[in-house]
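For reference, the structures are reproduced in the following blocks.
Okay, so chain A shows up in both of these, paired with chain B first and chain C after.
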Partner chain A sequence: MTETTLTARAGTPEAPGAPGAPGSVGRRTSRARWMRRARRHGPVWVPWLFLAPALILFLLFKFIPMGQALVMSFQDVQPFLGNQWVGTANYETLVGSPDFQSAVWHTSILAVGQTAGSMFLGFTLALLLEGQAKRLWFVRSAAFLPVVAPMAVIAEVWRIMYHPTSDGLANQIIGWVTLDPSQWINSPDTSLWSVMIVGIWRGAPYDMIIIVAGLVSVDRSLYEAAALDGAGILQRIRYVTIPALRPVIVILLTLAAIRGMRVFTEVYLLTNGGPNGSSEVVMTLIYKLGFERGDLGVAAAGSVVLFVATVLLTLLVQFARRRDR
Partner chain B sequence: MSRVRRAGVNGGDGLDSALGLGTSSRPWIRALNYAVWAIIIVVFAGPLVAVVAGAFSGSRDPSQLSIIPADPSLASFSAAFDRGVLRYLANSLIVVGFGLVFQMIVSVFAAHALARKRFRGSAIAMLLVLSTMMLPEEILAIPLSQVLADVPFLGFNLINTLPGMIVPIVAWGFSILVMTEFMKEVPAELEEAAKIDGAGEIRTFLFVVLPTCTPALGVIGVFGFNMIWDQYLLPLLVASDSSMFTLPLALRTLRADPEVGLGVVLVAATLALLPAVIAFLCFQRSFMRGLSSGAVKG
Partner chain C sequence: MMKTSELMAAIAVAAVTLAACSEGGGDSAEQNDPDSQTLEIWQRKAPGSPSDMIGQDMADAFTEATGVEVEFTSVLEDFETKLQQRAAQGDLPDVVINDTAQLGNMQSQGLLRQIDPAAIEGSDRVAERAWDAAKAVDGEYYGVPFTAHTVALFNRADWRENVGADIPTTWDELIELWKAYVDGDPTGTGADVAGIAVPGTTKRGYISWNTSTFYWSGGGEYFTEHGDGTFSSAVATPGSIEAAEWIRNLACEHDVMQPGAGSQDTTNTKELFQTDGAGSYLVAPYELASFDIDPGADVVEVFAPPPGPAGLTTLAEGNNVYLMAGSANEDAQDTFAEWAISVEGQTVAMAGDEEGGLVRIPVNQDIVMSDVREDDRWQLFQDLYDENGRYVPVVPNWAPFLQASAETLNALISDCSLDAETAMEQLDEEFTSELDAQGVLAE
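Up next, the complex of A and B:
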């Protein structure tokens, strides 16, 4: 109920020049046009009334926090003592710290590896499971389960599978190809790669489903033509399938890369950045800085850096795609 | 690969896919096909099936996962209920129930304005919605925890309350955009006819607009459920003691507690997993439709 009263109150002032504006223009034609519109579409403030709940919530929980992050990033944040402006000191601390530098490096490796790995595996799966048959639909649904499963559950299963003794499932599997048992998430040498495997495992079925949907639109006669020209299967994929799917692949890669930059839950639950910071990513570092060390100013600076990186990457891709066309 | 190639080019009577697997009539190709499918199912669904099987298992070996429960028993369930897992489940259900209903209402309202109304500032409104896609909880985590402790203008403290986990996810850009795209495709004449018949703004909305977009409601419903059920960081910021934990949060605490066995963790994981899987299987058509339309665009 509070929601409705809020919208009613907030809808009116937000409406750009709702009742007064047309009259103030002072022309009969514009007034007549406005009346006509009002009769057809309802009063001018109606759309803003419909938008109000969403916009108010966005203001409170998206835009104000973002503004606050910006402000905090230039302050020494001391709860109950009052914040002090410190200029760019937080950014200097952050960028100068080896923790942050290695976190950026780890995040990049993880983002690139997961994005590329998911795409490769997803594409392969899509080629294997393409088609309309009921059986294929069943296999695709089963393979898609990791995407819908909560990340927290996935992290717990993989922790069990990564059990570092030779009885652990992952160690048994690599034992089949006569590899020695690995420490997986428990060793600084393998922790980041172990997290990446989980990310690929979860990301690939998602890419698969989107690519399967895209494959439907590939012109079948091109396959025939390519086969008649003596193109082998790899050439067919290279010259027919991939070009047709290019827009889909670009979007999937972009989305995955942007998501990869702010990876948190899987790292937090699998390794929490350890051992010895070997799998620390930007978000787990920000979380630790903010909530464990109480360094809110530096943590906010990290959030702003992450945000700017996300925006830059998005704009870059948009720009590249526009030039592409 | 070379085997597959020959089948595709020579064995088939028409290529209907890149690999040409479906068209092959040779028995050993089909057998190979089934083997590949089995491997795919085991790799991707196996670990999740093992969670459920483990919850029903009586065995206590922390390194073993099995697709069939060894020594089936419900002992883990009663142990889990003693640990308050039902409380976590209830919290999760409350958050997803209220969150989803409000999220869908807010999305439908906003989409109705964005898709139908031509008004001054509509481009700005669209831009505002789009820009929130670049402001996920992760980026806002630090200030969000402060905003939740003292909501601007209203002064509520939502820390350690369930509304604190619900309110921030009620407005979701993705959901609004998918709904908007869909509503744009519904013919405007329907609404105009209703207006001419004298139906007001609210009546038109409720009885003409909403019924025409039930498929889209399915899409934003299933995506919204998935998004809220998978929330981790936001509950982590909000819940300060275990009575407010949702199931995903509780998993970590249960696992870290040496007195709690693996069975209890797996029961909690099962309870967190099954609603997501069931929602996906029931609304699969909506899910796939959303993926192939909105998800790629958004």
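Up next, the complex of A and C:
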């Protein structure tokens, strides 16, 4: 995201010259600018040379496989016998299956819930932990730990905490507020929510750190002015902090939306989409179709649909952001 | 920025087109000189595990006996995916040692060479039952049997004595025993324990796989076979519904299955049994060695599950030696297949009483179990396999059925309010449409 901001800023001075300027002059200036740039930065191909290693790796391990997945999504995939073209049959199978429809629904619930939950918790944590003091730095680092711990470890720890008897840690905690023991990930009614809690727990500290960074840039005098005008804490948050954090929130929303669509590891490890498909998300369904049922064509179609959805969502957020300005 | 991405897209499309053109499988490949043929063998076992070591020893013994050089590799994680990748390159390993249940899946993708048992030396000494597991739905053979096994009930003998029960001989006694574990504090510590540990997750179809012994013994069936290679679903018959209900009641009515079973796989259940969390565990003899360490040889007993309403049927499984298609070393493949079923090959792969033996129950009938292994519990598994063993049905691809039935059973144990009959009827519809998709649905 920083990149975008930088390019946008750098772009401003290079905006087309004065309107109505004769073409020849324009050409001359652009040529002069090019020469100037070449003198300062060396030949044009130099940046490409430096980019080449990364680009070649991306080409081999990202773009070609992505292209192949697109091709596979129109084929009945039989690696050894040779793939057969089946047109859009894979897409029809996929979209027509109730499993896919409910997976899309679950993915959406999970994405919205995790995004909102992480943002709220992250914001609260950020307000509590903002500041320069050494002890705050320590607490912030401690709070950040879930983000750096491997997802596999987190899932295993939560699976133990979610033990469905009254001895389970999570059940002991809700027992303090006299709730009955829950089945957590083992019941179709609670599995998706249980996964969501893990996601929020993991995502919130990440949001916190970015929001803390954003809070630093909020003009202190605005708080003072608001306080002088008689605004309470909640009003100051509502009318000063949140508007000032708008760009940060947009960035977090974009990232969270993309992350939400691709949610896989925690679901796979905690519930594997069960029980009774109650926590099946698009990625676990694609995995099952491809690697457990051996239906690689349909799985590829699912990946393409997911990819398109992610791109659309990202564009939508970007568009909303531009219009906002 | 735009230009770069356009360029990348163009290059990607071009590369894809090239890749797509170069794909495609082969008929029988040009053969290497018979005297200089070598083999690349894959088995589905963890690298570095005892089974991997025994596999390497077996490969060395084979090279010594026949002069054929072998490159032997154990692969566990994503075995099928890695095989697919090799298939996509048109360069499969020469030999793959893998589950019998994978035969349909590999055969339908054209990965396997057809076998003529009559042309394999020593094939007449291989048990008939084992050959059945090397047959595809078209009635032809696509693998050579290598090892077989079935399951039996591992039980905590000390707990059983503590609650004053005998070895159960009926399903009712079995439930009584498990209930006594749950209620009777068999450990004397007051700790909560379960009657039986069941890997109830849908992952790899674990729950369906683990409970199929109970499903069959309780009168359940997956298909009705019509003899002409066609099937119809049998999961909504009264016997099947009753059997599924019995399995779900372990969790819902009797409360003897471990809590949280629905999200646990075999790693979790094995650990549960080993750490005094459950009294029984239905599993194959490959766990004998590790259960002798934990919970300990002195407290573990193993016996045949008591017969259910439909008698006793235990899930039979095993590995076949698959001779892969497109190999340039067909003579060496045949040599390996013949050696693998010979008394010598089988004995080497049994590895005595060592942990991780590749051959559990030998398929060669000339081998007397007690000559090779001192542990007489193996005889129980041998008898169960011979008398009660049953392989999963031979449909073109069993995996989707395993997965679908696992999802239904997982739902039944996780949601006790779900009506078993309705759930099994839904499964019946899924089975029917999958049979249709595989082209073997009876009219």
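Assume the second predicted complex is superposed on the first by the 276 of 325 C-alpha atoms of A that agree within 3 Å, B and C clash if a C-alpha of one lies under 4 Å from a C-alpha of the other, contacts with A are read in each partner's own complex, and residues count from 1 in each chain.
We take it that a residue touches a chain if its C-beta (ideal position, glycine included) is under 8 Å from a C-beta of that chain, and two chains touch if they have at least 3 such contacts.
Only a predicted model underlies this, so the values are computations on that prediction, with no experimental measurement involved.
In the superposed pair of complexes, A:I286 makes contact with chain B only, with no contact to chain C. Of the two partner chains placed by the overlay, only chain B lies in contact with A:F144; chain C stays clear of it. In the superposition on chain A, contact is made by A:Q68 with both chain B and chain C. Using the contact criterion defined above for the overlaid structures, shared-chain residue A:R246 touches neither chain B nor chain C, since it reaches no partner.
Once the two complexes are overlaid on the shared chain, A:R238 sits clear of chain B and of chain C alike. By the document's definition of touching, of the two partners only chain C reaches A:G82; chain B does not.
For chain A, the partner that touches more of its residues is B, with chain B and chain C as the two candidates. When the two complexes are overlaid on their common chain A, residue A:D167 makes contact with chain B and with chain C alike. Applying the stated contact rule after C-alpha superposition, one finds that A:R321 touches neither chain B nor chain C.
Overlap of the chain B and chain C interfaces on chain A comprises residues 55, 58, 63-64, 66, 68, 159, 163, 165, 167, 291, 296.
Of all residues in chain B, those touching chain A in their complex are 1, 4-5, 8-9, 14-22, 36-37, 40-41, 43-45, 47-48, 50-51, 61-65, 102, 105-107, 109-110, 112-114, 117-122, 125, 128-129, 132, 134-136, 138-147, 151-154, 167-168, 170-171, 173, 176, 192, 195, 201, 226, 229-230, 232-233, 247-249, 251-252, 255, 262, 265-266, 269, 272-273, 276-277, 279-281, 284, 287-288, 291-292, 295-296.
Residue ranges on chain A touching chain C, taken from their complex, read 7, 55, 58-59, 63-64, 66-68, 70-71, 78-83, 159, 162-165, 167, 183, 185-189, 270-277, 288, 291-294, 296.
Residues of chain A touching chain B in their complex: 3, 16-17, 40-42, 44, 46-48, 50-51, 53-55, 57-58, 60-66, 68-69, 72, 125, 127-131, 133, 135-136, 139, 141-146, 148-161, 163, 165, 167-169, 201, 205-206, 209-210, 213, 215, 218, 220, 223-224, 227, 232-234, 236-237, 240-241, 248, 251-252, 262, 264-265, 268-269, 283, 286-287, 290-291, 296, 299-300, 303, 306-307, 310-311, 314. Interface residues of chain C facing chain A in the complex, by the touch rule stated above, are 1, 8-9, 11-13, 15-16, 19-20, 23-25, 78, 80-81, 84-85, 87-88, 90, 92, 105, 109-111, 192, 201-205, 259-263, 325-326, 397, 399-400, 403, 407, 410-411, 413-415, 418.
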